[in-house]
Each structure stands twice: as structure tokens, then as C-alpha cells.
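What follows is a set of structures to go through.
Okay, so chain A shows up in both of these, paired with chain B first and chain C after.
This part shows the complex of A and B:
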């Protein structure tokens, strides 16, 4: 062993120097310290809820971000005028009531009294006017939700009036569907701190953001809905599902949604852990590029819809954690339409192809993305299932940034993607299937569908509106503008000591009523 | 040259010659600094060109799936991305030369602050990792070389082969399963600054540090073994042995000392590599290091942040190379004289 002790010489000096350097460098942390445990300002609130989400927010400006990780945090920091309940019906939030003029063109909102921002300043109608005008004037990504809005004005400090160009039956879900429409504070925007230190009216305020590691929230004891029952929340960013689950099992965290579908079965049997697995309104679909041959022929698209087996796709891509669906909207939604045309039928698929004059081997360029692994696994199943039709699928899996660009520029034969956080059908059908719609990358155009979508946009009779969407949805699927595949479930797991939490189908993560038992 | 002229040239004056006679170390340092700056400038140019060649558009990603052309144009203009590329380049280089690396496209924070914020975690992981790697690789590599062909050599070689082949995420998950899930001795993930809580810092750096260290040790062991073997066959070692020096003295003074240069080289390379970011380990242990930052910046095409991060990593590489060069001179007097 004496010979092994060679590193005595200069070795230890080098190592000691390295360690000293490590200590020195490790010391220059730029974050400021915040004591959450000691900040039990909220009367009776105790304990910090420790949460792991699957990635880091890109920024914390609710009106500018489009990242779900941001909204997982911001859901608890900001409020909207109205907000969806568990059944996605709009309920009062910062607005306590509202009335609509008989011509449906003027909406008057009465605001809740005595609400303050987390910095202590008073909330009033001018904040609503400022927030909405910021989205409109700065042309932020949600500006399209105000396309029908003529003006937003403050009648008095507690009354906001929204004037419309034409009736907008989905105005409430536009205003409150998600926290992207949050009411922000003007000074927080003008001093440019909103992106990292936002100030809202919600149940928790942002105390500290340690980049790359965590965000800490502090209970807002003056929250209009009653002080939260925990003193704070720490959101850690753990993208590795296996690590998040290990941390949950060992009690390092109390809640996580960083759960790969393949791990769900192992969590079902774990003791002391509650597994939430509820149907969501998200949908995943295939789209064929109608600007390219032979996919411009509806029969060819239908052939593909007949050839695939949705059950197989759900088994492989989602490990069973999804409901197959041939339309966008799932059963639990008020907008559900039943539809069952495309049960797997290879003979029918071959017949449609030959009717369309397609024979021999056809190449299909499938645009999936490595950032959404389910598109890659689904693509592999689909490639296999299209083989009997003589369709030779080559799968590409660029990152999402590249995927978006290729989708935009039409460089694909077929692509797969999901559409998340759906509440009102106008939001997705119009964008994706109206001629020239913002997300109509497949180039679908059908005058009947356009008319139905235009009419439903302004239809104030709920029953008639539902009828219009049912008809449009059926036509869209008949034309295979999209080949819908499934609605995934929302998967979240939490320690059994977490009380008062509800897993929601719209993926809104609300911790205001949570306590630690 | 100068000396010759002073001696031979009748009208020559001595002082200018003396002025040219800067201390060799100063000259060496200045030369290195100059060439480092050139390299960094080159890195800036190459990175700028590359990231604009890669498909993907930061504005499109930031807006997500729902967006309109109006909001696209507005965000593009607000961030100056609608200006001609050459103008963006000139502005960037201009600012960078004055020390301003720009602001992140996503959260609007200065890139310099974001990068500095990640350095402590990255440095902690790299230095703990390299210490663990040295503690394993130096004894194992030397032992293995000195026992070439024997059973213990075979064991070391097999283990290092295993270490090179096993993916680091697997080592990481194994450590988490054993030490966090089963034994509940150490936390599975996360980072705590040493200034906040030194004990917690240590508890959290052990598992990722070990993962990085074990993988680096496997590579280093093979290099060190080869280096020692090369030296052990040389004439001066045989002479030392034949004149009856104690084996310990032969190993320390005649073998290891002469094998120090390759050892330093591989250690420097490994250290720089870890400092540049070990993405997989950072993902597994939710470690807020440079690797994850670069990864997310690339995913979002956050140009300023990518450029800043690559620049920082390049600078770290140069710094470590420089330190290794200095250590060469310490280890080998011939280099000092030259």
C-alpha cells in the first residue's frame, strides 16, 4: 500500500487548492436569502409546501409567457376577472358580478372591493383597463382574445365596461380561461420587474427565484379569498421523472407532476402517496399537409385515418394514460359530440387509396419532435401500421424550435402535436381549421366549416352554438383535416399529508386551499 | 539577439535592449492573454454564425402554439430581431467588447448575472467531481501500471472499462436509488449554496459529485496507467532499480514525477469538460449548473444567453489550459527553462 501513497507530493497541494477554489467559487452565490419558514405572516398558516415541476419557467410575466411551467407558479400569484371552476364554468374572481346589455355588445363588470396587490397597493378598475390595454396595444400573444373588443373603460373605481364590435359569447372564457389574462400592476410592468418579481393579487407572492433551482412563494395573508393554509410554497425544477418520484417517496417533496407515463403503475402501489389521474381537455392529433400530393385528396387522408389503431398508439405512447377519441373534445366536456367513423379497417383504407389512384410505394415524411417523446413513439406505431398500405414512413425528430419552423414553412407530409388548456371551442377550431387560421398549417379549407365557425363565434344562443360546433367538428373529422387520436389524462402525485388539493382537467395547479396534515 | 548587438555594436545604447527584456513569465502571460482574446473573439464569431444557421426562431417559440402575425412582428421588433443580421452582429460584438453580453430574450435579465448565478453550482460539482476522480484514478492508475499483467491490474482495467461504458445517468439513478430511496442517507437532488448551509451543500453535492467523479476517474485511470507504463520502461528507471534504490523511491522520484505531465493534461481536460456543463448529471440531480442553462437556452434559441454561455465555457477552458501550462513548468524544469 505504501506505493499507493504516491499522491503525497504535490498532489495534496493541488487538491487543497482546488477545494479552496471550490469553496471560494461556491461562495459567490448571487441569490438573496429569504426566510420563508419564519414568514408565518398568514394567520394560522404553517409549513412550506414543497413541489417539483418538470421544468423552469421562462419568465414570470403572465401576459407574456406561454410556458406551462410559468403558469404552474403564476396560477397561485395572479387573478383574472373571472376564473373556471372544476367543471370549467366561469365563476366570479376579481369581478364579483357582471351584466350584459340586451344587444350583447356591452358587458359591465362590478369589481370586488378591498382587494390589494401583494405590495399593498389598492386594486381598482384602472388596473383592469391597464392590463387589458397592455395586451391589446403591445400586441401580446393573447391579443387575439380581444379581437372583438372595441374598448375597455373604467366607469368608476369598481366598475369596468367592455364594449364589443360584435356579440362574443365566449368573452368570459377569453377573460378568465387561464392566467395569461391576469390583472397586472402598472408600476410592476414599467419598472420591468414583472418578468422576475411579479406582483399580483393572488393567494401567494413571489419571494425568491433561484435560477435553475427553485422559486419560492410566500402566503399572502390579505388574499381576498382568505389567507392560504400553508406559509409558503417552494417549486423545484426536476425534469427527470425518476428523480422527482424518488424525492416524493423519500419525503423531500410533497407534490409533483414530473411523472413519465411509464412510471404511473409504480406509483399506484406506493404507500402514503395519492395518485391523481383525471381526464384532461387536451387533445393530440395528426395533420396531413394538404398543400402536397397525394395528401390533398380527402380519400388518401381518410385511408390513413382508417389504417391506424388508436388503442395501440395510446398503449405505446401513453402507457394507457389517455382516452382514444376521434374528435377533439372529450366526454366530460359540455361541448362533447359523439363520433365514431374511423374504427381500424385496412380493407377500407386500401379501397380509398385505389379510388384516389394511389398505387405502389408512397413516401411519407413524418414530423415528430424529441421534445414531446409521445410524438416519437406514436410515429413509430403509425409507421408500422401504414406499411400494409404501401406507405413508407420516415420519421424526423428535431427539437421543438425546429419543429415549429418546419410546421410553419410546410416542410412535412404528416405531423403530430397536442393542443392544451382548451375551454371554449372557438379558441381551437377557428385557429386550426378556418381557412387561413393562425395554426392551420395543414392548409385545410372548407367553406361550410368556415361559415359554421364564423357563425358560432357570435352566436349567443348556447344550444344553437353547440349545434354549430358539433356540425363543424364532424365535418372536420370527415375531411380528416385533423386525425384526432386521444385525450391524455392529467397525472399528478402527492404525499397523503397534502389535504384540500384537487387535480383539475385544465391542468391549473391551485394551492390556495391546501394544508399539510 | 539583443545581447549580441549590445556587445558588438559600437554606437549602441544599452537601455532599449533592457526594455525589451521583460520577465519571461510576464512575456508568457501577456502572450497567453493576447492569444486567448483572439480565441474568444473567434468563438463569438463562430457561435453567432452557427446559432443563426440552426433552424428555429426564438419569437415563434416564445409565443407558443397560439399566436398571430401581429404579435409575432411586435415581439420580434421589441427585441431588435427584425434588424439586419450584420447589424445585430456588430452591435453584439461592440457591446461584448465593453463587457455587456446583452439580456436574455426570455426573462430580460442581464446574461452576465445569469451566468454568474450558475457558476457556484457548476464549480462545486466540477471540483468535488475532480477531487473524487483524482482520489480514485491516481492510486488505481499507478497501482495498475506497476502490477501490469497481474490480477489486480486486470481488475482495475475491467473496472475502468466498465466506468467508461456505463452511462452517467445510470450511475446517477443507481446512487439515488441506493442512497436516497433505500438508505435515505442523502437527498436525491437539488443544490444549496455553501454560504447558506455548508453541511447541506456537502450532503447535496456528494451524489452528483460522485457520479461525475466516477465517470471521470474511469477515463483518467486509463490515461494515468498508460503514462506510468511509458515511463516505467525508460532507461533511467532501470538504472535506478539496478543501483538498488528502494522501490518506493523509484516510483515516487523516477516514475510518477516523470508521468506528471500527461496526468496534468488529462486532469485539466476532465476538469474543463465538467465545468463546461454535464447536462445529463445536472438533469438527473436537478443541479442548477451551466449545462442545463445552455440546454434550455438552446431549446428556446435565446441567442444572447447561448452566446454568453459558450463564451464563458470557452474562457473557462482557456483558463484551465493556462493553469495546466503553469503547472507543467512547475512539474518539469525543462519547460521552465525553455
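This part shows the complex of A and C:
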């Protein structure tokens, strides 16, 4: 499982990938009975929320794990300095407020007073300094988020100063985008208990992890945001979607996200169950290998972008649980740019191909992966749609580890994959489309795009920054560096007695305001 | 999907006398075969299957991968007799198209096993000595692996695809033929007509081709028929695991693999390719049984007695 799960915004198809792959695996654990009274109840809190996730966390150290299953638990155990609200704008969390120097190189955060860790020790600026330096010094996978950071210092117990090498307008989303940037406790790290018994400042504390069976969380009555309304949460691991849905319908569990897209229709009609289906920040795309002929010709790539039918792809890949988008950033984001160039047009595609001097039958090696069945379904539809152009598609479906290796060594003509959990436009475009970018496996290079992406990275005027990204994104899509397909929705279902829960587009699962009616 | 039987040679008792020599006093083998309705029925089913694969499959080849997303997951109807799959492809067309793929894989892989295995077995049995030891120990090593596991290992080393699938199944079934051929050869080798031929100075290759091969043809034929059934199952199993025939090319096992995600939503996606596997495997098995009844002298005596009565 862990193999598929990499950190947000860094590995392809990481988070949903873990879910999707998990769904393929059979087997589940049997559940404990309904706990009406709840256990270890704190003042006013009653009942235990019973949750089924699609796989077991590999570890519970938020800074080290890359598994989405871990973050499904840790979201409720840890806090970050700032955190995204439902619209993914950064809001105060452990930091109460912050100021920026006029040269944009020094950020000063004042911390919330009276916050304690779940073991009772006090939270202070030194914990922030320790946590961030651990990520930087140990070169943990999220260290790239501190690439522009010169130093992190504690001015006094309630003030943290971050100085930068160059202006970083997306510092807040780097610091609070997800719980991989959580503030940890030094003693918990040094006694090495953090991997199994982590101690955070969040609304719930980890009470017990029974390997292979369940993780139990207990309400933290001293939580700075107010005590949770349920006494605890039990996470079980059910990879089979059919089993999880049956357990939800029978009342054995209250909440699950172990739901294959094709089963959504069966849940819509179920009584007593609330189905959450909200747009996510994930995007799926096709990329053509620009180091190979004839895909190095922009007209050939555009021809393919014109030949495919995105509505069909959404239907077979996600059973309609996705929004067609010809750019990466989804509609609900503040960074959304409207773009609609490639409506399906076979005549135009043929014309572009003949302009590029491509005639006769062209072979195309399509790299899909069996770990993400949506890529295999979509590949077959795309193969059929490219036939009229004289493009003969052969599909390969290796496992994801092999897929990554094939991608990185450039052994493909076309591939399909997704990127998940991005918030800032820099995450969406820089690594993928900048010349020589870390994830630019397709080998795209355009000087105008490079300039725009570099400028936007340090641009502090938000309006100008948005304009730069809109321009870069449009150019990227015009050049068909990526042929963008869709933004899938986040699918979660819960018993209607669960009140106060919101399905979030960034897949963060927060139970602090949940009560059982 | 797995089958334990496939890894063991079929216990076909050896012909005690050269069957052809006794033909004058006995009923011809094919006459006996025709008297068994089950054997005839299974032969007819197989004939239809071959016709479907050879005649019908090329006719529908163009439509096999034709997707029609707007009409995906539709139940059987006048327009689509077997319904449509998750991409809107016609399941009847795909089942017919897959017949060609499945039969090709089965026939070519068993032919490979038959030729290589029989050759190795005959050499081992006739020459004896170190040749026998080396060949049969290699066969023993291959027998030590479960059939599917060995096939999986071969697919893991090579790229999955039709050729790899054929090779994997062929290699896995080779030692079975080697054992059957060797056991029969050991018996035929000491027959007087073989020994006489040898004392007359007939070269070894000529003895093998003229006397030994015809002498062991009965058990090998039976083994071939049964292996064809298990080869179809193995191909289905490999494709079901996503390691056999690659999409969009249809195969019965691959169609089942896709269908498992839609078990509660579209029964027709799994029932029709499943039935195709069931019918063809059953037919090959029953034909194999019928052949054994006729070619095995002991079973044959019973049959003949019944016929004459």
C-alpha cells in the first residue's frame, strides 16, 4: 500500500491512488459491535464514531509518512501553524496571526496562548522551530517546501520568525497545506514513540493501535478549539468497497471513503445514508513523450487533444464523478482560469496531423497501470477514439512501481496519470512544465512558460501572480504539454446520524465538529 | 481457476499390445467413439467453437473494441444479445472475438508442450541412462512448482502479452507430456517388434518415428485433449490476474477480470464469458474422457463387450 502513497503534490496519483489500489485488495476485518454509550467520554461528549478507511497506515509520524491512510487519522491528532479552510484559503491554527516585512523576506508568526500537547506539556515557539528544523535537517520528503527558507527562529516563547532567501508568496500553503507539516513534540520524537504513539495538539489523541485491526482515538477535552463532541473515534481498515458499503448500510460503521466510483449510484438511493461527492483539487491528464517522434510536433499533440472525448473518459473512468477540465486547477479554486479550446473535432485533428506531415498508420505505446483501473478503462476508450486518425494504440498495464520506472526512463509514447492534493498553482505547474522540472517526464520546454513560472514563484502581488499563472497554464495547454482531462470528486458516505461533518475538496478528514445525533 | 489435476499426468494404462496389430478382430476406434453420445456431443460443441473462432471471429474483429460510452452497462436486449460492458462494447461480439484468442492460446501452447514434451519424454524413455536422468529431473523440478505460480514467474520475467501467455502455458505443460511419453516409451521399447527392428540395424531415429511414436500416440492424444481444457483455464486465470492477454484485446478471463468490479451491477458482464469458459473446458474434458475409454485397452474391452452384446 505504502508504495502507492507518496506525499501530497509530490508523487503522481498519490492519495486517491492509495485508495484505488486498496480497493483492489480483498479482505477486511470484522467489526466490533455498536458502542452506544461511548468510552472515555469527556464532558458532554458521547458516543464513538466508527470509521472505515480503505487501508492501514504505515506509521503515525506525520512528518515521515507518505500514506494517505495515515493522514486520515493524523488530521485529527495534529495541528499546523495555519490550516486550509473549506475553500482552501489559509486560516490561523496554532499561529494566531502573522506579519510580513516590507521586503517580503521575514515572516513573524504570533502563536496561540495556552495550547498544550495531549500529554499535558506546554506548546511553545521552540516546538515549531524543532519541528521545522527536523524536516529540513533530516531531509524528510517535505523538505522541498522549505527550499526558500533561510532560518526558523524563536524570538520569544510565543513568536516564531521565518526568514527567507527570496519572496515566497505561497509560504502559508507550504506551512499548512496538510498535516505532513505538523508541529510535533521533541520528546515524542527522541523516544521514538511517534511512529506508533504520536502526541499532538489536535482534538483527538491516539489511544490504541491494534496492528491489522483498528486504531482508536480519544477526545482531547483540553483542545484549544473546544472539546470534540464525540468521546472517541475507531478507525477500521476495509479495502473492499462492497464490504465497506454493506457495513455502512447495516450500521456497523458510521463513515467510510472506501467506495469504488461505480458503486456511487447504489448509495444515492440508500436511505439513512448521506453521500458526499464534492469537487477535489486533483487532476488527471495525458502526456505525450516529446523526446520521441512524431509527438515532438505540437500539431500532433494537439490533434490527439482534439480527437478525444472528455465526457466519455469521465464516464468510463469515474462514472460521472468528475468535472471535465482542460486545465489543471478546478473551478472552485481561487486560481481557476477558464479555458475551452479542445472540443472533440476529428476533422480538425486530421487536418493538424496532415499539416504535421503524419500519414499512414502511426503506432502509439500507451502506458496505463492496473493499480489505477481508471487509466486502463480510459486508455481503451482513447484507443478507440484515435483509430480514425490512423493512430494504432497498444496499451500496457504494469503495476504502479513499474509504471513509475517506465515513466522516469522515458519508455512510453503516451501516459495517463493524476496529481493530487495540490493547493498553490506553483504545485500544479512548476515541476511538471518548467524546462528540466523534476516531474517533467514528457520533456516539455518553452522559454515563455519558464519565465512566467519563475516570475510567479516570487511575485507578491496576488493579482499579477494569478495573471502569470493563467498565462502560463494557457500556453501549457495550447502546447499540449499535458492534455488535461478532469478533476475527480471526493466520494465519502456516512450515516445520516453523523452531524457537523463536511466533505472537503483537499481530502482532509476532520471529525472535531462531528456529533452523533 | 487453478487446477491441481493439470500438474499430474493422466493415468492412462499402457497399451499392452500394439493396438493396430489387433485391429482385425476388434471394432475400429472411431466406430467406438461414435457410439458414445457424450463424446459425439462434445466433439460437435468443439467443432462449433472452432467454427466460431475461425469464421465468426474475423467477421466481428472490427467491432470488438468499438466503444459506445453512452450505451455502457446495458442488459441483454434485441440490439445487444449479451448486453454491453462498462465501455459500452457489445459482449456477444467480444465473447466471439475472445474465442479466437482463447483457442489460439490453448492450441499453440499445447502444441508447444506436445512437441517439446513428447520429444524429451521419448528420448528419455528410449535412450535411458544419463539422458533419462537429466531430462526427468528437470521435469521433476518443474513439477515442484504449482502450475499457476510457474506461469506467473514466467510472465513476471517477460512482458505480459499474448506471446508470453502462450509461452508460459506451453512451458508449464511440457513436463506433463514428457512424463506421459516417457512412461509409454518404456513399455513400447521392449516390445518384440521394436527389438527385432533394432537387431536388424534400423537407425534409432527410424525406430522412434516408425515404431515408438505410433505406439505411444493413444495416451499422448488423451493428454492433449485434457491439456487443451486446462490451457483455456490457465489463460483465463492469467488474464483474470491482469497478466495474460492485455486490454483492449478481448479474452474470456480478461472479461471476467473487468466484470468483477460490476458484480452487483451488471451480471451479464461475467455470466457470458464465464459460460464460454465452462462450455469449452467441459467439452475438451469429455472428449478426452471419451478418447481414453477407446484408447485404453482395459476400458476398451468393457466397451467392446457392451457393443457386441
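Everything that follows uses one rule, which is that the second predicted complex is superposed on the first by the 477 of 517 C-alpha atoms of A that agree within 3 Å, B and C clash if a C-alpha of one lies under 4 Å from a C-alpha of the other, contacts with A are read in each partner's own complex, and residues count from 1 in each chain.
What we mean here is this: contacts are C-beta pairs under 8 Å (C-beta built on N, C-alpha and C of every residue); 3 or more make two chains touch, one makes a residue touch a chain.
This structure is a prediction, so every number in the text was calculated from the model and none was measured.
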First (chain B), second (chain C), both or neither touched by A:56: first
Chain A residues touched - chain C or chain B, whichever exceeds: B
Partner chain in contact with A:315 - chain B first, chain C second, else both or neither: second
Which superposed partner A:144 touches (first chain B, second chain C, both, neither): first
Touching partner for A:237 - first (chain B), second (chain C), both, neither: first
Which of chain B and chain C A:404 touches, first, second, both or neither: first
Residues of chain A that lie at the interface with chain B and also at the interface with chain C: 242, 398
Contact set on chain B toward chain A in their complex: 54-58, 60-71, 73-75, 78, 106-109, 113-114, 116-121, 123-124, 126-128, 130-131, 134, 138-139, 142-143, 146, 173, 176-177, 180-181, 184, 187-191, 193-196, 201, 247-248, 251-252, 256-257, 260, 283-286, 288-289, 292-293, 296, 298-301, 327, 330-331
Partner chain C, residues of chain A touching it in the complex: 242, 260, 262-263, 265-266, 309, 311-312, 315-316, 370, 373, 376-377, 379-381, 383-385, 394-398
Chain B-facing residues of chain A, complex: 2-4, 6-7, 9-11, 14-15, 18-19, 21-23, 25-31, 33, 52, 55-56, 58-60, 64, 66-67, 138-144, 192, 195-196, 210-214, 236-240, 242-243, 246-247, 249-250, 252, 371, 398-402, 404-406, 408, 417, 419-420, 427, 431, 438-439
Chain A contact footprint on chain C (complex, rising order): 65-67, 69, 72, 86-87, 159-160, 242, 246-248, 261-265
